[in-house]
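Right after this note come the structures.
Consider the two complexes below, in which chain A is the common component and chain B and chain C are the respective partners.
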Partner chain A sequence: MRSLLSVLLVVFVAVVSAISTTGDRLLVILEDVADKASYSTFLGDLESRGFKIAFETPKSESLSLFHLGERAYDHVIFFPTKSKGLGPNLTPQILLQFINAKGNILLTLSSGTVAPTSFVSLLAELDIQLPVDRTGLVVDHFSYDSASAADLHDVLLLPAPENLRRDVKNFFGAAESDDEVIAFPRGVGAALGSGELLTPILRAPRTAYSYNPKEQAEVVDDLFGAGEQLALVSAFQGRNSARFTLVGSAEMLQDKWFDAKVKAVGGKSATVQTFNRKFAKQVSGWTFQEIGVVRVNWIEHHLNEAGASNESNPAIYRIKNDVAYTISLSEWSWSSWTAFKVPANDELQLEFSMLSPLHRLHLKLDPAQSSPEAAAYTVSFKAPDQHGIFNFKVNYKRPFLTNVEEKNTVSVRHMAHDEWPRSFVISGAWPWIAGIGATVTGWVAFCGLWMYSASPDKKLAIKKTQ
Partner chain B sequence: MRFLQSFTSALLLAAAGTAHAASAWGFDDGAVSVSKKASDGSSKAKLSQKEPLSTPVSLGSTDALKITLTAKDNGKAKRPHQAFLVLREQDSGLEAPFPLTVKENGKAVVNINQKEIPVQLLVSPKPLQASIVIGSFGSAQGLNTHVFDLETTTDPNAPPPSYEKPLRYGKRDEIYHIFRADPRSPPKIISLFFALAVTATVPALFIGWIALGANANHLTKALGSSPLSHSLFFGSIVAMEFVFFLYYTTWNLFQVLPVIGIVGVVTILSGTKALSEVQSRRLAGER
Partner chain C sequence: MAQKHRIPRETTPQTPQAAKTSTTATAPTAAQTTPIVSKQAAAAAKQQINSWDQVVRNLTNYYVDSTPQRTKLIDAFMAFLVVVGALQFLYCVLAGNYPFNAFLSGFSATVGQFVLTASLRIQTNEANKSDFPSVSPERAFADFVACSLILHFFCVNFIN
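Let's turn to the complex of A and B:
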C-alpha cells in the first residue's frame, strides 16, 4: 500500500514538474468570474498543460498575491476590468513586489476599457507607455479583417512575427502554413522604452496607427504612435528572469478568435485561418516559463597540459597555464529539459576577467560531453601573463531566454622560482656562468697557492738579511 | 425613435459601403516646398501619386519643409482619417510618421523642420524615403505611395547630430589577451665570444702567477707536518664549492644549509690548525 502511494507520489511529482519551471499556481483575475466562459479554450489549454487555476475578481477581499511573505501564486493573468482602480490588494507596489519575487504576469488590455491606474503605474515602472487617455485603438486601413470589421478596420490581421534579430531564437514563429494569420481585434498599442529588458513580440504593421476613438473620431491631430513603433504584444524580462507580458488585445485570446475564419482585405483566398490559439499558447508558455528557460547543470575547469594532474576545478592556476573550461546547459521546452542550442549567429561567451575581461572567447559545443538533455560547451585557452584573482564568467543574457550569469573565482599565481628556464639554456647568461666558473677556479687555485707556495725569492731574501 | 435613428444610420452606412465599393484614395495638387531662412529663396516641386520625384529634396538645418495636398476619394475631395507623411530610413527600416492637418474639404498640410526629425533618421547616410499614406474607414482602398526622397544637410558650424545606440543584449566582440613578449637573448655567437673571453682569464692568471714564480714546493712539507688538517681544510674549500654547484643544479636551500653548516665547521676546526702551520712556516722565514 505504502509503495503504491509512493509510486503515485512520484508520478504526481513528475506531472507537476512537467508544467513550468517555476510552479503551477496560476491566478486569473477577471471583472466577473462568469467572464471566464469567453476564454474557456485558452484557460482549458492552460489547465491541460498542468496549471492549477484560481479565479478572483479585483474587488475580492480574499485576494492576496502573498501569503506570510511568500508568493501565494506563481503566475497571474489579468483580463480587462471595468473599474478604474484595482483596490488595495493590487497596487503597483504589490505587483512590482510580485515580479521582484520572480512571479510572472500576463497582462491583457482592451480598447473598450480604460486601463486601471495601477497598471499604468506598473507599466511606467517598466518603461512601457500607454496612450495618453489610458485607452486607444489600433487600426490599420491596409490589412484588416473585412468579414468582421469591414468598416471600422479595428481587427488587424498580422503575419506571424518574424525573428526579432538574426541572433535570437524565434519562440513565436509561424504556424505550419504561411497563410495563417494572427487576428488582433480592438487592441491597444503600447510604446516601449529603449531599455534592454523590453522586447516587442508582435509589432503593428507599418501602416497601422493608434487613435482615441472618443476624441479623435474625425481626425488624428495628435498621434500617439504609428507603424512598427507600436508594440501590440510586448515582453519584459527582469534581471531575476521574472517575466511580464503585455497583450494589447484581450479579445484575441477569446474562443471566437481561436481558429476563426477571417477574410483579409484584398487577399486572394476567401478566408484564412487564424492561429491565435497557437500564438496564445506560445505567449502564455513563454510568460509562465514553459519555454526559453535555461539551466546550468555543471561547470568544470581544469589544467589542460600534458602530464599535469587533471584535478577538476582547482582553486589556483599559474600564469600562462593552458586551461580548459566546460559548461553544461539545458533548456526547458514545454515538458522536458533538452540540450540548449545556441541560436545561429549567436555565441556563448566565456570571459576570464580581473576587473575587466582579459579574455572573451566563444565556447564551442562539445558533442562528447553532451546528451539529449544537456549540451556541454567548452573552450581552452592560455591563462594571461598577469597574476591576480580572476573569474571565469559566463554572462549569457539574451531576449526571451532566462539569464545565465555564472562566476567562478580562481587565483592565478606567478611563476615559482624553479619554474623558469635554467640559466644554462639562456645563451645570454653564458658569459656570467663562465665568470662564476673562472672565479671559483681562481679562488681554489689561490688558496692552494697561498698555503703551499714556497717563496721564490728565498735566496734573495736571505742574501739581503745577510 | 432611437431605433429608427440607428436603423437609418445603419442603412446609410450600408449604402455608403456599397457606393464606395472598389473606390480608392488618392490625392491631387500635391506640392512640396522648402523655404530657406537664411537666403529667402525657396524651391517647390509638384508631387504625383504615380511616381516619386526624380531628384531628392534637400532640407537644410534651418529650412522648413511644407507639403500640401488635397486628399480625394475616387476623385472627390474628402477628409480621410489617416493622412501621414512617413519618413523612412532605407537601411534599418526605421520610420517616423508626421500626421497631416486635414480640413473638411480634403486640403492637407504639414510643416517639418529638422528638429522634428528623429536623430536616428538624421544621421542616415542615405536619403530618407518620404511616402504619403492616406486611408480611412469604410471600404475605400488606402494609398501608400513613395513620393520623394529627402536629403538632410546639417549645419557645418554646429556639432553634427550624434546618436548612441541603446544597449541590447547580444554577443560581444571577442577579446584575446596580448601576452608580453618573451625575454630575448643576444646572438649566441656574441655570448659565446664573451664566455670564452672570460674563461681565458683563468689560464692568463695561472701564467701570470707562474711567471712571478708561483710553485707548490711546500706541499709535502705542509702535508708532512699536519696531514689531516691540511687535507680537511683544502678539501672543505673544494667541498663548499661543490655544495654551491649542487645548489645551482638540484638542491634547494633547506638541503644546502645543513651541509654548509657541517662543511663550515670542518673548515673552521681544520683551518685553525692548517693556517697556524702556515704561520709557523712564515715565522721560520720559509715563506
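Let's turn to the complex of A and C:
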C-alpha cells in the first residue's frame, strides 16, 4: 500500500514538474463557458501538459486575477468576447499589474468581434497598434486556402516562421516537413512599435493586407497595413521576463483547424495537413514559460594564479591579478532543465565594469564543468590596471529567452608596497645597485684610509715630542 | 711625482717662501710672465701655451705641496664619487630610467655622499678653523660617519 502510494506520489511529482517554470494555474476567459468545446483539443493539450485550467466569463462576479495581493493565477488565456468592455475585473491597469507581477497572458483576437477597449488600451501600453475601428481582416489573394475561402481569400496559408535573426534560436519553426502550413483564418493583423521588448513571431506574407470588411465592403481604399508590416502573432517579454502573446486569429486554435486539410492556391499537391496544433503548442508553451526559460545555476570566480589560494568568490582582488569567472546556465525545455547552448552566431559576454566596462569578454563553454542539465561558461582574464569597485556583469537579453542579468561586485585594490618586484630581479637596475655598492665600498675605504692617515697637527705633535 | 715638481722650482727664480700662502705665490709669477709676453710678440702663442702650462703646473705644485694629506684623500674620494655619479646618470640617459627608484637611490647615494664629504672637507680645513671653533676634526669625522650610515641605510632601503 505504502509502495503504491509512493509510486503514485512519484508519478504525481513527475506530472506536476512537467509544466511551466512559473506555475500551473491557468485561467481561460471565454464569452460563454460552453464555447470551450470548440477549443477542446488545444485546452486538452494544455491540460495534458499539467496545467490546472479554470474557466470564467468576463462578467463573472468571482473573477479576480489577484487574491490578497498575490496573483490568483499564473497564466491567462483570453478568447474573443462579444462585449465591448470587459468589466471592472479586467481593466487595463489590472492586466498590466498582472504582467508586472510576472503573470503571462495569451490574448487572441478575431475579425468577427470587436476588440474590447480594455485590450486596446493594454496593447497601446505595450506599443502594439490595432486597426482604428478595433477590427480588421487580413486577406491575401495569392496564398489563401482555396478549399474553405475560395471567394473571400481570408484564410491565409503561411509557412512555418523563419528564424527571426541569425543569432536567435527558432522556437516556432520546427516543421516536420516542408509541406506543412499554418492556417490563419479570419484574423486581425497588428502593427508593432519599435520597442526592443516586442518581437513578431509570425508576420503576414508580402501580398497580404488588412482592411475593414464592414466599411470597405465595396472598395478597399484605405488599408491599415500591408505585407510584413502586419504581425499576425506577436510576442512581448517584459524586463521581468513576464510574457504576453497576441494571436490575431482565435480560430486557428480551434479543433477544426488543428487537423484540417487545406489546399493552397496554385499548390502542387491536392491537400496538405495544417501545422496549427504544433504551432499552438509552441506559442502557448512559449507564453506560459515552458520553453526559452534560462536559469542561472551558480556563478563562481576565483584568483587564477599559481601558488595563490583558490578561494571561491573572494570579495577583493588586486590590479593585474589573473581572474577566472564561470557561470552555469540551464534552459527549461518543456519538462526538464537542459544545458543552455548559446546559438551558433551569438556570444555570451562577461563585462568587468566600473561605471563602464573595462573588459568585455566572450565566455566559452567549459565541457569539464558542464553536465546534460547545465552548461558552464568560463573566461580567464587579467584584471585591469585600475583599482576601485568592479562588477562582474553578465547581461544576456535576447528575443524569446528570459533575461539574464547577473551582477557580482568585487573590490580591486592597488599593489601593496611589498608586492612590487625587487630591484635585483630587474636587470635594468643592476648598474644603480653597483653604483650604491661602489659608493659604500669607496666610503669604507675612505674611512679606513682617513683613520690610518695621521692628522697634520698630530704629526707635528709627534715631531715635537721627538 | 717628486721629480716633476722640482722642475718648475728650478726654472722660477722665486724663493721657497712664495709657496707659503696663495696670495704671495701668484703675484710674483704673474709679474714675471707679463714682460716676456710683451717683449716677444712673435712667439706669443707658444709663450702663452707655456705660460698656461706654467699656471697649471704652479697650481698643481701648490696643491701638492700645501694641501694636507687628509684633504687630498677627501678630494680623491670626491673625484671618485663624481665619476660614479656621472656614469649612473649616463646610464639613465642612455638606457632609460626604469626602475626609477633604483636610479634615484643609486644616483642620490653618490650625490649625498659627495655633499657629506664636502662638509667634512670644510669642517676639517685648517683655514676654516675660526668658523667652527667647537668642531674638532674628530667630531667632524664622527658626524660624517653617522650621516653616511644613515644615507646608505636609506638608499639601500629605497632601491628595494
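Just a few scattered comments:
Operating definition for what follows: the second predicted complex is superposed on the first by the 410 of 466 C-alpha atoms of A that agree within 3 Å, B and C clash if a C-alpha of one lies under 4 Å from a C-alpha of the other, contacts with A are read in each partner's own complex, and residues count from 1 in each chain.
Note that in this section a contact is a pair of C-beta atoms (placed from the backbone, for glycine too) under 8 Å apart; a residue touches a chain by one contact, two chains touch by 3 or more.
Given the structure is predicted, the values throughout are model-derived calculations rather than measurements.
By the touch criterion defined above, A:243 reaches neither chain B nor chain C. Touch criterion not met for A:302: it reaches neither chain B nor chain C. In the superposed pair of complexes, A:223 makes contact with chain B only, with no contact to chain C. In the superposed model, B is the one of chain B and chain C that contacts more residues of chain A. In the superposition on chain A, A:435 makes contact with both chain B and chain C.
In the superposition on chain A, contact of A:49 is made with neither chain B nor chain C. By the touch criterion defined above, A:71 lies against neither chain B nor chain C after alignment on the C-alpha atoms of chain A. Using the contact criterion defined above for the overlaid structures, shared-chain residue A:281 touches neither chain B nor chain C, since it reaches no partner.
Contacts of A:209 after superposition on the shared chain: chain B is touched, whereas chain C is not.
In the superposition on chain A, A:420 makes contact with chain C only, while chain B stays out of contact range. Shared contact residues of chain A, touching chain B in one structure and chain C in the other: 426, 428-429, 431, 433-435, 438, 440, 442-443, 447, 449-450, 453-456.
Chain contact summary for the complex, chain C toward chain A: residues 68-70, 73-74, 77, 80-81, 84-85, 87-88, 91, 95-96, 98-99, 101-103, 105-107, 109-110, 113, 117, 126, 137, 141, 145, 148, 152, 155-156, 159-160. Those residues of chain A that touch chain B in the complex are listed here as 139, 141-142, 146, 150-153, 165, 167, 194-196, 206-207, 209, 211, 218-221, 223, 226-229, 266, 320, 346-347, 349, 351-352, 357-362, 382, 384-385, 397-399, 418, 426-431, 433-435, 437-438, 440-445, 447-458, 461.
Across the complex, chain A is touched by residues 13, 17, 79, 81-82, 84, 86, 93, 95, 97, 99, 101-102, 133, 135-139, 141-142, 144, 166-177, 179-180, 185-186, 188, 191-192, 194-199, 201-202, 205-206, 209, 212-219, 222, 230, 234, 237-238, 241, 244, 252, 274-275, 278, 285-287 of chain B.
On the side of chain A, the complex with chain C involves touching residues 420, 422-423, 426, 428-429, 431-436, 438-440, 442-443, 446-447, 449-450, 453-456.
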